[in-house]
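Below is the structure I would like to discuss, written out as C-alpha cells.
Chains here go by letter, A, B, C and D, matching the order in which they are written, and residues are numbered from 1 within each.
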Amino acid sequence: MKRDEYVESLKEKNMDVYVMGEKVEDTITHPIIEPSLNSVGMTYEMAQEEEYEELMTATSSLTGKKINRFTHIHQSTDDLIKKVKMQRLLGQKTASCFQRCVGMDAANAMFSTTFECDQAHGTNYHERFTKYWEMVQENDWVVDGAMTDPKGDRGKSPSQQSDPDMYLRVVERREDGIVVRGAKAHQTGMVNSHEVMVMPTVAMKEADKNYAVAFSVSVDTPGILMIYGRQSCDTRKLEPNADIDLGNKQFGGHEALVVFEDVFVPNERIFMDGEYDFSGMLVERFASYHRQSYGGCKCGVGDVLIGATALSAEYNGVAKASHIKDKIIEMNHLNETLYSCGIACSCQGKKTASGNYYVDTLLANVCKQNVTRFPYEISRLAEDIAGGLMVTLPSQLDFDNPELRPYIDKYLKGIDGVSTEDRMRILRLIENMTLGAAAVGYRTESMHGAGSPQAQRVMIARQANVEHKKECAKKIAGIKEGS
Amino acid sequence: MKRDEYVESLKEKNMDVYVMGEKVEDTITHPIIEPSLNSVGMTYEMAQEEEYEELMTATSSLTGKKINRFTHIHQSTDDLIKKVKMQRLLGQKTASCFQRCVGMDAANAMFSTTFECDQAHGTNYHERFTKYWEMVQENDWVVDGAMTDPKGDRGKSPSQQSDPDMYLRVVERREDGIVVRGAKAHQTGMVNSHEVMVMPTVAMKEADKNYAVAFSVSVDTPGILMIYGRQSCDTRKLEPNADIDLGNKQFGGHEALVVFEDVFVPNERIFMDGEYDFSGMLVERFASYHRQSYGGCKCGVGDVLIGATALSAEYNGVAKASHIKDKIIEMNHLNETLYSCGIACSCQGKKTASGNYYVDTLLANVCKQNVTRFPYEISRLAEDIAGGLMVTLPSQLDFDNPELRPYIDKYLKGIDGVSTEDRMRILRLIENMTLGAAAVGYRTESMHGAGSPQAQRVMIARQANVEHKKECAKKIAGIKEGS
Amino acid sequence: MKRDEYVESLKEKNMDVYVMGEKVEDTITHPIIEPSLNSVGMTYEMAQEEEYEELMTATSSLTGKKINRFTHIHQSTDDLIKKVKMQRLLGQKTASCFQRCVGMDAANAMFSTTFECDQAHGTNYHERFTKYWEMVQENDWVVDGAMTDPKGDRGKSPSQQSDPDMYLRVVERREDGIVVRGAKAHQTGMVNSHEVMVMPTVAMKEADKNYAVAFSVSVDTPGILMIYGRQSCDTRKLEPNADIDLGNKQFGGHEALVVFEDVFVPNERIFMDGEYDFSGMLVERFASYHRQSYGGCKCGVGDVLIGATALSAEYNGVAKASHIKDKIIEMNHLNETLYSCGIACSCQGKKTASGNYYVDTLLANVCKQNVTRFPYEISRLAEDIAGGLMVTLPSQLDFDNPELRPYIDKYLKGIDGVSTEDRMRILRLIENMTLGAAAVGYRTESMHGAGSPQAQRVMIARQANVEHKKECAKKIAGIKEGS
Amino acid sequence: MKRDEYVESLKEKNMDVYVMGEKVEDTITHPIIEPSLNSVGMTYEMAQEEEYEELMTATSSLTGKKINRFTHIHQSTDDLIKKVKMQRLLGQKTASCFQRCVGMDAANAMFSTTFECDQAHGTNYHERFTKYWEMVQENDWVVDGAMTDPKGDRGKSPSQQSDPDMYLRVVERREDGIVVRGAKAHQTGMVNSHEVMVMPTVAMKEADKNYAVAFSVSVDTPGILMIYGRQSCDTRKLEPNADIDLGNKQFGGHEALVVFEDVFVPNERIFMDGEYDFSGMLVERFASYHRQSYGGCKCGVGDVLIGATALSAEYNGVAKASHIKDKIIEMNHLNETLYSCGIACSCQGKKTASGNYYVDTLLANVCKQNVTRFPYEISRLAEDIAGGLMVTLPSQLDFDNPELRPYIDKYLKGIDGVSTEDRMRILRLIENMTLGAAAVGYRTESMHGAGSPQAQRVMIARQANVEHKKECAKKIAGIKEGS
C-alpha cells in the first residue's frame, strides 16, 4: 500500500475519537492527530523506496508475497536484526514514535503462543490467527497491539479489583462469539490503525479466567471509544502558522485511552479465551519483542537528537570545545550501547515451536532496561549543550511580529552564516524531544513502554541463571559439591 | 510590603512587554504571566507570617530596620544559611522559580565588588550602590539581576563579535550619565520586577572596556523592551477553565529577552563603567552566590516532586513495593545532597573587605555542579514511579465532557478512596515539573542558571588547590622535595 | 601526650594479639602493625604542632583543660565542624585510616544516651561514664569503639541465633560487675588502643535484654583475644628493604576480630546493662557521628589520591590533555561533595539534653551514603589516569637487581626530569589506595564502616519526612484537605 | 595439543624471565607463575572436551584441519560470535585472564592488514604471515601479541622522544633480516607463550618509519628479557599451604615488561617494515578485535563474581532481602549489557578484502568503553553485598592455628549448614576479584587493556557519523539544504 492509499483506507473507518473534549469528525486532517498519521505514513512511504526495500519489506512466510516488514512473521535472526535496523531508520526519519511496531510485535507473539496453546489445549487458535494475519498482510493494515489495562489498584489481581472491569474481560459468551468490556490505556497509534488486537496484560491464574482473552477487531467496531491522550505542548499545533515552535512540524506520535463498552467479537477473531495458563507466555513474548524494538526506534530518535545537539553547538560557535566534543561522544556511546543491545537480543534469537523467530528474552530485557536510563542521560546532555535559550526563546508569534523580529534576529543570532531562524529551529527541535511532544515518546515511553523498569528487572532475575554462576564460583573457590 | 501592595506597586510601571507576539496591556492579569507573579508574591506574603519571620526577614545593616531577607546584605554565615533555608521553603510553597534571588545575589556581589573597586581605582561606586540599595530595602522592591548577554559567537570576545551589540555596552557618555545598548537573555522574573540591575557577563580585558558596565534602572525606563520567553505547555493557561491540566495552577516562573535600545542611565545609578579588571570579580561573586541559591530553591521544588511522586505511588496501590520505597529514598538522598552543598558553602562563607559575607567559592560551585545532575535523576525517578499515564491522560476538557467523564472516572481510578480527579491532579503536577512549564525551571534552569556546568568545572579546577594535594601525595610516596 | 609517650604507654599493655597465625610479642615493632601505629601516632604528633592546634585540640567541658580533640565532648556546631576538618587534615597526612575517631564518636553517643537513659530508668550511667571519660581525657588514651557483632545469620535477632554468643552478651551478673562473652568484628585500631568501649550493634527488644550491654575495659583485660585481619598486600611490609612497593611506607590502618571470652567488667565501667529500649538510641547516635566522620577522613585520603593521580598524569606527559583535566575536576568535585555533606550535617547539629552537640541525623546519613559511592568513582578515575603500568610494574626487588635496573630505569621513564623511581613511587601509591592495603580503608571501609549502605537508606527513609512533602504537593496540586 | 603437551612444549623454551628480582629456573613450576599457566592450560583442556568442541575448536581456513579456535582466522560473523562465547566460557572457568586472546586478535588483524599492505606496496607480507600462521595452527602455539610500547613522554611521537628506544624500532637492516631494539610493556601471558608477535602501537608518519615494524619470533630468541609484573597479593601464593587466602588457588593471569635488546628477526618472520601508512590500520584492527574480546572474557569473569556475591549473601542469611536481590539484578544487568555489546559488534562484522571477518569498529569501541565502567560498578556492588568481613578476615595461618581456629569457626559462621571455611573461601574469592590478584585483570585491565578509555572515545568520535545525524536533524527541523 502506498502512503496515500493508506490514508484513503483510514477514511473509511468510522472511529469514535475524542480530542480535547470534542468528537473528531475527520481524524485525517485534525491538526493534533496529523503529525502522528504522518509518522505511520512513513512506514508506507519508505517501503516504496528502492533504497530501503531490503529493510522495509519482506517475503511473507504465509503467502510468499512481498509484504511490508511491519506485517512480517520473522523467519530468521536476520529478520529480527532487520527489524531493529528498520526501526532505527524510521526513528531517524521521523524523530517520533511511528506506532506500527506494536502490532508487529503482538502478531509474532500471538503466532507462537497460539501454536503452543493449541498443542496443550487442542484449541485451533493458531489457524484462526494465521488466516487473520494473512488478511492483514494482504491489506497491509496497521494493527494496534493493545495490552495495558488500567489496572486500578496495582496491589490486587484482576478478579480482586472492586470494579471488575479494571481489566478487560469477557462479559458474555454467545454461540458466534464473545462480548468484552473494559479498557486499554496508552494505546499507541490506535487512531491511525485499521485494527486492534487485544491481549491480556499479566500472567493469570484460574480465578482470572475471564480476563485471559485475546482477539482482533476493527477499530470502528461498535462499542469502541477512544480518548486521545494529551501531550506536552500538544496545542502548539493549533497555533496560527505553527511551524518553528513545533520543533518537529511534520511528525509526532500519540496514545489513547480506549474503552471497550460491550464489544462483540466473532469466533474467528478470538485467539485466546480462558486459557489463562498461556496468558503469561503471550505477555512475556510480546513484551520481549517490544523490548527489542526499543533498541531500534529509540536509537533512531536519539540519532536526531545527537545531530540537533551537534548543530546547536555549531551555531553557538562552540563545536570545537573539548567538553562539547566529549559530551557528544558520550551521547553517541550511550545511543550505540542501546543499539548493541537491540542487535544482540535479535542475533541470539531462537526458532519457536511454531517456526517463527523469537528474541533472546534475557538480552531483550537488558536492552529495555538500558532504554529506561540512557535516553534520559542523552537528553540531559542535549540540554547541557543546547543552552538555556532552548527554554527562553520568544515564540514564533513574536518572531512573526515585524516590530519584534529585528530585535530577535539581531540578538539571538549565533555564528555568522547561520540565520537566527535556523538556530531557533534547532533549539525548538531539541525542546520538542526533551520537554515537548516528542519527549513523551523519547523519555516517558522509553521508561514505561513495553513495561516499566521493574518489569524488566523481574525478568532479568528470572533469566540470569544465578544458580549456574554460583556453581562456577564454588568451583573456583574450592568449595566441595553439596556444600 | 504586603503581597497586595506589591501588586499595586507594579501597576504603576509602564513596561513594554510582549507575550506570544502581542503587546501586554496589563501584566498583572495576563493569564500566562499571573502564575509567575504569584510566585514572587509569595516572597511578600510569607514575610508577613510570624511562623516564617526568622527566615523571611532580617535587620538591615544599612538602616537597622526590619526588611525582607531578599533585600538583605548578608552579615554572617548564619545569614547565608538562612538564605538557603528561605529558598528551600519558598520552593516547597511554589514548586516554581520565585525569581527574586537574582537581585539579592547581584546586590551582595555588587556591595563587595564596588568596595574593592573603589579602593583600587578611587571611584565611589560603593557609596552610590549603598544609597541605591537603601532605597530598594525601603521600598521592598524586586530587582532583576541581569547578567547574561546573548553572546553571539561564543568563540569570540565581546569586542570581536561581528555585531558590537552582542554584549551590552556603553554607546555614549554624557555628563549626567551613560547610554547603553544591547540585550540580556533569560531574564528571570523581569516582568515582575521594579528595577533591573545590569552586570557584565564575563571577565574582560582592556579591549572590552566599554562592555565593563554595571548599573540599575527602573524596568520601565524608555528603551527597555521585554519579549516573554515561551515555556513548555505555557498556553494551557489560556485554555477554558484551565485547572487540572496545569498541574500547578497557581505558581510559575518566567524568563524574558530584554532589549536595551539606547537606554539612558544617570550617574548615580552607575556602579561600574570601564573598570574591566573588576568585571571578573563581579561575575564570579554573583555566580557563586547564585550557585549557592540553587542548593536551596531546587531542593524545595524537589521536595514537592518527591511528595507528588510518593502520592502517585500511593494512588496506584504500590506505595509499599520495595523498589518504590527504594526509589523514593534515592530521590530524597539526592535532594538532601544538594541541600548539604547549599548549607556547606554558606557555613564556610567568609567576610569580605566591605563587611558582608561571601560564600565559599569552591563549595558553591560544587553545589551548582550537582544541581546540573541530580534534578534530572530525581525527575527520571519521578517519571518511573508515576507511570506512563502521566503523559497519556485525557485532557481536562475530556474530563469536563459529561459523555466522557464516566469512562474516565471509571477507568482511570486508582485505589479505593482516592478520586480519579485527585489522581489526575498529582500526575499533572509531576508532568508539570518534569516535562511542563515547571520543568523549564527544575531541569533546564538547574542546568544553565547561574552558569552552565562547564563554568563550574572551570571554577572547581581553579579553586581545588591540586598543587597542595600533589605535595601531600609526594610526602606519602616518599618523593624528595624538589623532584 | 606526645607521640613517643603514646608509644611508650602502649608498651605497658599486655595484649593477646595474633597476626598471620602467630602470637605477637611486641605490637609496637611488628612490621605489619607499625604503619597503623604511625597513623594513630599522628593524632598525637600533630596535636603538638602550633599550626594545627585549633583543629587538633579543644578545651575539655569536663575539666576545663586543653585536651586532644579526639577525646572531646562536642560543645557546639563549631566543634562538630572542626572535628570534620581535623579528620580531613589527618587523612591528608596519613592517606590511611587513623583509627582514633571510633572512640570519639562512641564517647559522644554514650554521653547523651546515658543521660537520657538515666532520666528514663533512674540509672546512674551518665555519671559513671563522665568520670570514666575524664580519665580518658586526662591520660589522652586511644579508645576503640566496639560495636559490630559477628551476627551469624543476619535474618535472625540476637536471641534467635543457634549460637547465643553471635552477639556479645552478659553471661553472668556478680555483685561487683558482669561477665560478658561474644566477639566484635572489624575492630579498627584495636591493637593501637588503650581501652575498648563496647556497645550493642542493633536496636533490641526485651527478648534480647542480655545483649543490651555497654561498657569499657582495658584492651589487655583477661579474656580479650585479638586476631589481626589480613589486608590486601599486607605482607609486602615483610619484604626485604620494603619501600617503593608499599606505596605508603609509613602509614596504614588495621582491623581485628576481637573475642571476649568471659571477660569481667566492674560496675563502674558499665554504661548500659539491660536497658534494651536505649540500645537503638546508642546505635543510631554512634552511627550518625561516625557517618559524619567519613565526610572528613575520606576526603583527606581522597585529596592524596587526587594529588597522586595528578602527578602520575604529569609524569606521563599528559597533564594538559583536556580529558585528563576534566577527570581531575570530577575527582575534586566528588571529593568536595563528600566534604560538603560532612560540613552540612555538622553545621546543622543540635544540642542534646545532656548538653553536648549531635549531628543532623538525616544529613549525616546522606553524607555516608555518598561515601559508599564516590570513593569508588574517584578510584576508578585514578586508575584511568594512572594507566595500566600501575599493575604491571616490576617489583622493587627487580629494581634493586643491578642487572635489571638499567632496563627498568630506561624503559619505565616518563617525562624528562622525573626519575623512574619517583614515577614508580606514585604509581605504587595509587595502587596502594585503589587495590592495596589502603584500598581496604578507602573503598571497603567507605562502603561498610559506620554501617553498610542499606543502613543509611533505612535512616533516610525514616528521617526524610515524606509526609510533609506530600502535603506540599497536595496543596500545589489543588487536592483538598482530607483526600 | 592436550594440556600436558602444552606444558611439555613450554619446557623446551629457554626463556629469560625474572620474578621478584630473581631469575626463574623453571617457569612451569614457579608458584607465582603457575596459576597463570593453568589459565592458559584451560584453553587446551577444554578444547578436548566434547561439550565445548563447537566453541573451542574450528576448521582452519588455511589447512582445512580442526584447530583450536584461539588460532583461527575468522571466516564468518558466526565465528566472531563464537569467539565471544568461548571467551565468556573460559572466564567462567578460570575467573581470570586466560591470556591467549591477544595472539588470536593480532593474527586476524595481521591477516587482513598484510593483504591490503601488499596490494598498496607490492610487498609479500601476507604470504609470509599465512605460512607462519599455518605453522602456529599446526603446532597449536600460544602467541603473545605485543603492541604497547613504554611511550616515555606521551606528549611526543616515537621519533621525538629523548631516548629513541622508547618505542621499539629497527636498529639495523641485514640481508637476512632486521635487528630490533625497544620494549613492550604489559605483555599479557608472555611467559606462557611459545611465540611473540610484535606490532607498532600507534599510527605513524614518515618520520617514525623505523618504528613501523611487525614480526614474530620465539619467546626465547636471544636478546629477549622478561620482567614479571607484580600484582596485588601476588606473594600470597608463596605462603605455606596457601589455599583459602588465595581466593582462586588454581587460576590467575600475568603481565610482563619485555625488553628486546637487539633481537634479530629473519626475513620470513617480518610482516611490516617501514610501511608506516599501514601502522594505523594494524593498530585499529587489532584494537577493535581486542575490544570485542573484552565483551566476552570480562562477562565470564563477571559471572563468577556474581555467583560468589550471591553465595556470600546466602551465607550471611540475607539472600532474600529486597535490596540484595535488586543489587544482584543490577550486576547481571550490567554484565549482560557488556555481553550484548560483544555479541553486537561480532554480529555486525564484515568481510575484509583478505577474506577474514572483522568486527564492527564503532560497536567494538562502544563495547570496550562500557568495559571500562561496568566491572567497577559490579565490583562495588559485590563489595556492598559481601560485607566488611571480606577485608577483615583473619589469615589462613590463623585459621590453621589450633588455638585460634575454634574462635574463628565459632564467630565467623554465617547461616547454619554452611561451614565457616566455605564462607571464608567465598569472601576471599570476592577479595581476589575486587582487590587482589584477579582485580588486576577484572578492573585495571578492563580499564586499559586494548586501549585506555580515551582511545575508544576518539574512535567513537570518528565512527559515529555525526554529519549524517546533523542532516537528519536539519530535515526534521525544516532547515533548508545548504544552510
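Rule of thumb we're sticking to: a residue touches a chain if its C-beta (ideal position, glycine included) is under 8 Å from a C-beta of that chain, and two chains touch if they have at least 3 such contacts.
As the structure is a computational prediction, the values presented were derived from the model and not from experiment.
K.L.:
Name, by label, each chain that touches both members of the pair subunit A and subunit C.
P.N.:
Chains that touch both subunit A and subunit C, as defined above, are B, D.
K.L.:
Suppose you list every residue number at the subunit A-subunit B interface; are over half of them used by both chains (same) or under half (different)?
P.N.:
Both copies touch with mostly the same residues.
K.L.:
So what's the Cα centroid distance for subunit B and subunit D, whole Å?
P.N.:
51
K.L.:
Express in whole angstrom the distance between the two chain centres, defined as the mean CA positions of subunit A and subunit B.
P.N.:
Distance between chain centres: 37 Å.
K.L.:
Give, as an integer number of Å, the spacing between the C-alpha centres of subunit C and subunit B.
P.N.:
So the centroids are 40 Å from each other.
K.L.:
Can you list the residues of subunit D that touch 2 or more other chains?
P.N.:
Answer for subunit D, listing residues that touch two or more other chains: 323, 326, 457.
K.L.:
In their complex, what parts of subunit C are in touch with subunit D?
P.N.:
18, 20-22, 148, 150, 152-156, 162-163, 165-166, 183, 185-186, 225, 227-233, 235-236, 239, 245, 255-257, 259, 261, 316-318, 320-321, 323, 372-373, 376-377, 380, 383-384, 387-401, 404, 407-408, 410-416, 431, 435-436, 439-440, 443-445, 447-449, 452-454, 457
K.L.:
Can you tell me which positions in subunit D touch subunit A when the two form their complex?
P.N.:
Going by the criterion above, the answer is residues 81, 92-95, 243-244, 247-251, 303-308, 310-311, 325-326, 328-329, 332-333, 336-337, 339-341, 343-345, 347-348, 362-363, 366-367, 369-370, 418-419, 422, 425-426, 428-429, 457, 460-461, 464, 466, 468-479, 483.
K.L.:
Mind pulling up the subunit C residues that touch subunit A in the complex?
P.N.:
322-323, 326
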